[in-house]
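Right after this note come the structures.
Both complexes shown next keep chain A, but they swap its partner, so chain B is in the first and chain C is in the second.
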Partner chain A sequence: MKAGKLFHVSVVTLVMLYLFVPLAVTFLYSIATDWYRTFLPEGYTLNWYREMLTDPRLLEALWRTLFVTVFTIVLSILLMVPTIFIVTVYFSKWERLLQAIVMLPYAIPGVVAAVGLIRIYSDGPLAISGTVWIVIGAYFISILPFMYQGIRNSLRTVDAITLVDAAELLGASRIQAFRHVVLPNIMPGVMASVLLSFSILFGEFVLANLLIGGQYELLQVYLMRRMDESGHLSSAIVVFYFVLILILSGLILKFGRSAKEENA
Partner chain B sequence: MSYVQIDNLTKTYKDTIALNHLSLTFDKGEFVTLLGPSGCGKSTLLRSIAGLAPTEEGSIHVDGVDITHLKPKDREIGMVFQSYGLFPNMTVLENIGFGLRMKGMKKSEYEGKVKRMIELVDLVGKEQSYPHQLSGGQQQRVALARSLVMEPKILLLDEPLSALDAKIRKNLQVELRRIQRELSITTVFVTHDQEEALTISDRIFVMDLGNIVQSGNPEEIYTHPANEFVARFIGNYNVLRAEQLRQLTGGGSFAAVSYAIRPEVIQLFPEHAGPEPSGNGWLAAGKVKDITVTGNVLRYLVESQDQRLQVDHLNTAKELWIQRDMNVNVWIPAEECVPLG
Partner chain C sequence: MQTFKQKRMLLLALFPFVIVVLGFEILPLLAMMLDSFKADEGQGWSLMQYATALGNKYYLLALKNSILISFYSSLIGIVAALLAAYSITKLSPKVRNLVLMFSNMTSNFAGVPLAFAYIILLGNNGIFTILFQQLGWDVLTSFNLYSWTGLTLVYVYFQIPLAILLLYPTYFGIHEQWKEAASLLGASRLQFWRYIGMPVILPGVVGTFSILFANSMGAYATAYALVGSNYNLLAIRIGSLFAGDVFPRPELASALAMILGGTMIAAMWLNERMMRRVRRDLR
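What follows is the complex of A and B.
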């Protein structure tokens, strides 16, 4: 083996080790009975997983998280797809403004956003501080950049403006043009944005913890709280979480690829 | 009153004038071409007729009806785009049937019509294909059929062939003309390719800076350009100012500002020789500076009396005597010098 190749292989191996060893050890710890006197665990058990999956708090937290993310994303699709479509096709001079607004959440750290939101919404006409709605509102804002990019890029790649022109000249109304021609063609792109947003919200901790914490315990917060109780249990939760996110990422890649192929 | 009448149409983009008080008319069944360099306003004019680009002033009448302020969908005008604009989620059949479906027709009602259109554009067997499974030429045929099936009052073609390669483009030009004649449909074709315009049109409108600078049939436009812009754009005319021409011909009176001479009418003779019998024209001594072969045409760059002339001759054995740096006699027939306004 040449020296150059040896170098490449060892670098890749080191990086892989660096990335995978913590995961492997976490997994091992989540199925270990005791692991502090020996190099490898003394025995193996699925008890931690059993305990995790039978804890009603986990299931409740999981459902809450699912509700919050699905609700936010559905709301985002319903509002953002028509908005971005209208701005891109009919009011292109406003596109820069929309882009600037939508990119703002990138610039604001979660902690700052949370403190500001709590102060604004703790009294006044819209006192939703401490309820699930403030989390949904904040989540809606934080996934805007991803939804916007995905939807706008799909509109560009399918050349939505020409499609709408063509459809209108063939006698379609603007709504018919959107429904029959634009929407079906941007669906793969929208799905990719949805899954990306889903995995981001699923792992979001700062806003979930600060805005609502234990009052409406989300999966992320639940995980954090149980870490203190047992390392084995929290390892099991981490592995569970990791697998969920992995599945989501796999779906994103799959949708992204099929969207690209369709437009090729 | 003409079938299509456009009066005083004006449109500006920020500070550039796309259409400058433009008026034109043409008749039913005509194949009309808007020809000009990019940015001359030809596509804007087309989009205005379609209702896709609102205008500030002027009016458009089709068949006696004022359509200036109608929505695109109510104008009964078909359009084919350079980028085809096919619906990727629909098959060929569904694409062509889309307009009829929007009219409220059921599939069983419009299927026959769509099938006939597919035969007309020679796409039998591709009914169930999706656009991405077709070649560029085939996609453009689908786009054409999709517009034609609606039986529009005018068919607009926005550089429909410029994304295709040369050979397919030539074939489609012929096809397009055949279909247009068969249905005798009023057609407006936009192109920046003067050869394409000359080949395909009944009438050409040459445009520059939002104005129509000349209109006429291909023969008129090619042999009698109205001004220097048209002369340079439509062919590789030699354009000479009056005093340049006087210098070249060694005298004579030239009333117009400048004159255009087509490269193919200038003849070359060996030194001390000339045409027999010599008609009305001028003979001048010159030197061949360069020779280029463009295929069937040999292109000479000849310098005579400090003027540079382009001379095109058919690439035949008769031309073999002419070599680079050779002294020759240049014959310019007087009747071929077109005075320009």
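What follows is the complex of A and C.
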């Protein structure tokens, strides 16, 4: 091996090791009986996973998180697809404004967004602070940049304008054209954004903790509160969460790739 | 031609989106903005919140701490990623894809789970901490995960995958032929990087740095999960000023949030400018 090649391989190995060790240790910790006296765990067990899967609090947190994420993403598709479609096709002079609105949340960290949300919704006619609706609203905004990119790109690649023109020529109403022609065609391309939003929202802690906290315990808040109680159980949850995210990322890659192939 | 009625129907279809965006993005931001210019308990207009935020030693220190940890973690992250991303381009395509996939995978490992992993690794009863004690190695005795060094180490973890992801493509802006041409004309490797390589990737590096910086300025979960509200960071202070254990001061929280948001938007703006220099097609 040439000296240069050896250098590159060692650099990559070192950096990847830095990224790998915390993951590996968390995984080992989740299947270890006791691990504080020896280099490797003293014994291995699946008890922590069993305990995790029978913990009603985790299952509840998981269902809540699933409900909030699915609801937010479905709402996002229902509102964003027509909006982006209408703006790009009929009101293209507003496109820059729309772009500014959807990209802004990207530059606003959760803790900043939470200040204004709590301010508006803590009292007055719309006191939804501490209910699930404020979280859904906040999540809707935080995934805007990703959903916008995905939906816009696929509207462009399926050439939605031509599709609608063709459908209208064949006698479809505008709503029919949208519902039966545009929507099914863009869904594969939008899938990657959907899954990305999924994994972002599953890992979201700041808004969940500040806006609703223990009143409606979501996955990350649950994990945070469980951390001090049992290290082994928490590591099982972390591994479980990470595997979930991995499956999602795998699907993102798959959908991203098939969308690209379709366009090619 | 569109009829007036058609146009009205179209605008009506935009209505739900407009309501949600107004209600959860625009109005909250506006309320926060206005609040930041009010005296305590919303009494009258005043600049006193900004005076407190930038005059009070405690909050000034939080701002300084946030800027410092963001700067250092971004710097370490970008240097590591510059080396790693370049070395990745030198690997065989198969290994390269595998490494990139793994790196992207770890970019999901942030916030609470990441803090937890570091606690079992290097916390007071962490595996490495105890192991090293038993082995009699004292490299870790002076190390404390709950110190600034410790927090920086954890921040670097989430900076590196992001930096690799963003930097990796910029290396493809450097064509092999340029190197050949430069060496034919008598340039050394060092000269090549100094006069050709660096100027080509520099805007990308600066842009990536600003993204990393903004990323860690806004980070809340990681520090919060490590030591609750004990770190004096801007994001943590904002959180505890309106939803924490101290007496709530939403107006001050708003002013601090404006300052934090301002630094982030400045960083994003810098990135945008730099990207325009790299990608001429955007101009």
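Definition applied: the second predicted complex is superposed on the first by the 263 of 264 C-alpha atoms of A that agree within 3 Å, B and C clash if a C-alpha of one lies under 4 Å from a C-alpha of the other, contacts with A are read in each partner's own complex, and residues count from 1 in each chain.
The rule we apply is simple: a residue touches a chain if its C-beta (ideal position, glycine included) is under 8 Å from a C-beta of that chain, and two chains touch if they have at least 3 such contacts.
Please read all numbers here as calculations on a predicted model, not as lab measurements.
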Touching partner for A:V158 - first (chain B), second (chain C), both, neither: first
Touching partner for A:A166 - first (chain B), second (chain C), both, neither: first
Partner chain in contact with A:I77 - chain B first, chain C second, else both or neither: neither
A:V181 touches, of chain B and chain C: first, second, both or neither? first
Greater chain A contact set [chain C / chain B]: C
Chain B versus chain C as contact partner of A:A114, first or second or both or neither: second
Shared chain A contacts, counted only where both chain B and chain C touch the same residue: none
Chain A residues touching chain C - in the complex, by the definition given at the top: 4-5, 7-9, 11-12, 15-16, 18-23, 25-26, 29, 35-37, 39, 75, 79-80, 82-83, 86-87, 90-91, 101, 104-120, 137-138, 140-141, 144, 199, 203, 205-206, 209-210, 213, 220, 223-224, 227, 231, 234-235, 238, 241-242, 245-246, 249
Chain A-facing residues of chain C, complex: 2, 7, 10, 13-14, 16-17, 20-21, 23-32, 35, 80-81, 83-84, 86-88, 90-91, 99, 102-106, 108-114, 116-121, 125, 127, 130-131, 134, 157, 160-161, 164, 214, 217-221, 224-225, 235, 238-239, 242-243, 250, 253-254, 257, 260-261, 264-265, 268
Contact footprint of chain B on chain A as seen in their complex: 158-159, 162-163, 165-173, 176, 180-181, 184-185, 262-264
Complex contact set, residues of chain B against chain A: 50-52, 71-73, 75, 77-79, 81, 83, 85-89, 98-99, 102-103, 132, 143, 146-147, 150
